[in-house]
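One chain, subunit A, links the two complexes that follow: it is found with subunit B in the first and with subunit C in the second.
Right after this comes the complex of A and B.
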């Protein structure tokens, strides 16, 4: 499917390059041969299977849109930025959202619960690129707390991995992170709140309460541990999509991540890039789900023993 | 992650990182005072190669802007259109325009100190001859034209052409940079050459820090540059996404100079610290490419195959409105002779004028047999409905497309807009599967190029691909075609003018396509920080040497290397940082308290 879907649109990507560079017919033909697009589709597919699935490390080929760059070079440059941005955001949002949902579910029906639920639902309904733009204007342009965009200050001459450079990178990532955290905290909070609301009605909670256990122990050892199960699934899924990036946030903040690569690749019918990114994305999602399954066995003894 | 204690620790770690970042950014590091100009260049994706001969899949304009800092062409076009010396200090041409001789400046050097002489010029043009892929940027005409290119002596180069070709001076002297033979000759495959590391160039600057895909390129003055030494210590170019908020970046001081889109100009003009300037076109290796908006017809498709229909649409489209609404006034309405305003001396005054006139458009359609239906829209002469689709690739083209559709509907043409990807637009043009397309392009100010870019003596039936972009309109007029061939063989201005006037008259009468507008190149800079945009250099633009050697940034005594662009931001930032630090500290204390309670339990 990764191979076939991009090719369903009957567009020759070389024609796009030819048109934008005003290439003559001879040069267009030369590029078509160079990219292997003159071969029948099944031959292209067999080459794809051979180079990607049967090779290690996979040979993802040259990007059409960024020729002469190789797909792997482009992805490997963009992936660390995205993993850092989205990975930190997912972990932080999951932590905050889980705690908020835990408290709201524990105090179900209270003013706090209603406040949390209404606020979470409101934020959840806001498009996250809109949140990004509002935060950018407020915190970067008006208050000037954060930089408007980018991943580090352009005049930074510090060597990579120096403290100054790392601080600069984190400083630039804070605003996109805050955007992603604000937009995803409600997801975790609502799931956790609903799960906790169910758990507190369970018989074992009644027994535990009857035994005179402290409320904090009930909350963290009984409620939270059981309530985390669905949250783990969401975290695993989101961590899998980390590689896919947060496209619109990357676009708003001009952040050099994978999302922008995917967007441009689809626009430019850059088959190798589309194939490469989605191949990596598939591996990441499968891997994250596998890890989630393993974690499940530790968190939920029922899964382990069955 | 699962354990609340672990989660809390992770959360605290992240917050700690945040505080560290804030503190670290606030730290100033003493260093040598430098003057740095930060320039924003918009690109749809990362820059992966800096090959001045072949941009690959990247934008040719962006690559020419970046490599234009490093490499120079033999000649330079001034904003008034005149041709000035650059690497070549003089040139000559024989009477029948078959032999051109360029005389390089004496004692030219590459940035690595080696000698730049006529052998480098000979090598460069032989390279262009060797592959059609390398003859980019202005039409792939130069390579096949050159019969021989020889070094007369260390500074003189003689080009002997296969036939008379008077525009050769413009094609070869402008828009083609000279590359170092001692570097490029060691490269096995020039089209795959990324030119990373320290490219050896001849321009006023040299690249000192960049890695492929990095969004930051740092340049410093080339000590071996022959001309006026640059006043800036550093030029840092940041690659911006097309959606970058350029007004905000200039306002906050994160950028000093950038090329905004017309839609951002209104916001920029409201900023006191920003000056907006224009230049005639986009600078590509010593010459200006005129941005233009075209309305392309499939001239082989009925009813666009009818001249009266194309003329009616030319009357129906309000080009002045397009310039006002879609370009915020930064442009001029197109004329049907196709040549831009920078070439006024070539435009005859007798060309048919298609001034906006809806009534005239309707009259032309009526006289061509189209009948107005009960819904207020014209039907085809055979009575069937006529519903043309105006295709565009989004962005500014979509703004233009919307105006065009409204204009056509006002004239009784039931048009609708279709926004597609650029790839689909190109596909439509190649195979003739479209009615009308809004196409944005840019063209060098050479009559031969502009009049010939969509001229072809052959075409292909609809559904089959045309040979290349020359055939996109599927309009074949051998008289016009022969005019262009003939003009290449004459040298005098009067003869060329006569022939080009004839070709323009045919184009203006037949209307194979409509020139909607000629745009301008817009730049905005921080007038607090950037100095030296003197009247003498106005019109020159980034990265042309006359501008880039004039600009300077006053370096304050305490300015630090590390965060020069952050200066305006940091001034108002420290207090907010303090408040933020306090808030973060309170949150941290809360989290630690929760963790402590859990541990105690």
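Right after this comes the complex of A and C.
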């Protein structure tokens, strides 16, 4: 796995280039020259590599919509918001999901287990953005507990990093986060439940139980440790999916992250922007996967030696 | 292990449908799906208006004549939903079919032939699994345009990898089972072993995953529709949601307008999940709950 991921990074720009090839059909001849698309393919590819991978900050061109703003500048202001949103929700959701799955798997076949499984499966067949809309109506428009949209009050004049501003940011982020947490908890809960219900049947569990170990010890040092492995790999594998969902949730709440950026770019046919966002997100997700692989080797010694 | 045990029953057996219907969850799932199929098939009779015809004043609240109210142009939302059922189910089932075929072929080939074929195909699967599919879908949909066929293509392109991976791992375990090895030893050609010996034993796995692919496809289409990437002349549940969002339904008595498409998607999802689980239960009694 570890030697695999860097190769994935190498494949991505090629895909992007291939996608870029289709642009001139809709764009004008001048754009073709401006983008360097009249040059042979390999030159384009080398240029692309030079501009993106080999230079920092990557040169992703200019935004059509916010010209003369550079794509990289716009993305780099939006990315922290998305990372904040996705990071916090993934950690919270994985924790809650793991605990729910642990209990459900431990009491496999019980009323509780069945309830958890069916609720999880139902939530999984709901689109992220629909949950977002419903929560928005319920908690922000009808009950007025949370702000309807944005990441902070525009009227807030207190300087960034002050306490009021930070509180404001967290207050605004809660609703999108709750949405993401609700929609991703089932994924982790089901994985954990299935793993745990298989671990319970293992021989070493029988041995541990017959040794008369306490139930909490069994649960946390035997079941939990082994059950966490698939959850970690699922967190990594699902990251692309969660980021995709977060983008739609951001659109619903007009959160100033990458999702809203790409939505506006779609509305304005801002191709360099869309391409840039795609590039940055792919690199980020693949990077996160790489990190997860490294973490995995620390958690599971078996992987380290094979 | 669950996958391994899925091989015991053959879905092409005529009594299979009977078993499916005698399973409580399976019956409910088939019932819901049947209802939706009827709505879709007779949408032109059920819907009082066409999705595009201006029927009344804009932003009417739900009433007897307009069950879910009207949109910003005074079009009947109930009719849009009824017509949307046909479009959403169509997209769901056609894409699922594509996903199933592609996933099965790739999975079988990669699992059975191994070596280079396996390496190349599984790298491709890994790439497609890791990149943020939603973003890539947006990208591709923008380039290809929002015609129905390009939407189908995009959904299939990102839907098949999990399926291929599952079929591959199942094929790998089957490859070393006694009955497959004896077929190989008795001199059966490779394609024969693959299609006549291994394929029948992964049918229920293919079926269960194919059914789950339907709901994935419906959600994917709704997401693209919600972003306004699906052509608005073809009303699906996602298009209705997109309109609700764009026209500010929250502020115009539009609570039902927004919630109904999501509920429709959820009900379809539950039906599909129930059927898939029922298939799992029937083919694998050991794991039934």
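In this section, the second predicted complex is superposed on the first by the 240 of 306 C-alpha atoms of A that agree within 3 Å, B and C clash if a C-alpha of one lies under 4 Å from a C-alpha of the other, contacts with A are read in each partner's own complex, and residues count from 1 in each chain.
Note that a residue touches a chain if its C-beta (ideal position, glycine included) is under 8 Å from a C-beta of that chain, and two chains touch if they have at least 3 such contacts.
Computed from a predicted model, the values in this text were never measured in an experiment.
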First, second, both or neither for A:208, with subunit B first and subunit C second: neither
Touched partner set for A:83, first subunit B, second subunit C, both or neither: neither
Partner chain(s) touched by A:260 [first = subunit B, second = subunit C, both, neither]: first
Touched partner set for A:228, first subunit B, second subunit C, both or neither: first
Partner with the higher number of touched subunit A residues, subunit C or subunit B: B
Partner chain(s) touched by A:145 [first = subunit B, second = subunit C, both, neither]: first
First (subunit B), second (subunit C), both or neither touched by A:292: neither
Touching partner for A:92 - first (subunit B), second (subunit C), both, neither: first
Partner chain in contact with A:122 - subunit B first, subunit C second, else both or neither: second
Partner chain(s) touched by A:218 [first = subunit B, second = subunit C, both, neither]: neither
Residues of subunit A contacting subunit B in one complex and subunit C in the other: 11-12, 19, 22-23, 136-137, 141, 251-252, 267, 269
Interface residues, subunit C side, partner subunit A - complex: 1, 123, 126-127, 129-136, 138-140, 142-144, 215, 219, 222-223, 226-229, 241, 244-245, 250, 255, 258-259, 261-262, 265-266, 268-270, 272-273, 277, 289
Subunit B-touching residues of subunit A, taken from the complex the two chains share: 9-13, 15-28, 30-31, 63-69, 73-74, 77-78, 88, 91-92, 94-96, 98-99, 136-137, 140-141, 143-145, 147-158, 163-164, 166-171, 174, 214, 216-217, 220, 224, 228, 232, 235, 251-252, 254, 256, 260-261, 264, 267-270, 295, 298-299
Subunit A residues touching subunit C - in the complex, by the definition given at the top: 4-5, 7-8, 11-12, 19, 22-23, 109, 113-114, 117, 121-122, 124-127, 129-131, 133-134, 136-137, 141, 198, 237, 240-241, 243-245, 247-248, 251-252, 262-263, 266-267, 269, 271, 274-275, 277-278, 281-282, 285-286, 289
Of all residues in subunit B, those that touch subunit A in their complex: 1-2, 4, 7-8, 10-11, 14, 17-18, 20-25, 27, 29, 36, 38, 44-46, 48-49, 51, 55-60, 131-133, 136, 139-140, 191-194, 209, 212-216, 218, 234, 236-238, 240-241, 243-245, 248-249, 251-252, 254, 421-424, 426-427, 429-430, 453, 467-469, 561-566, 569, 572-573, 576-577, 580, 597-598, 601
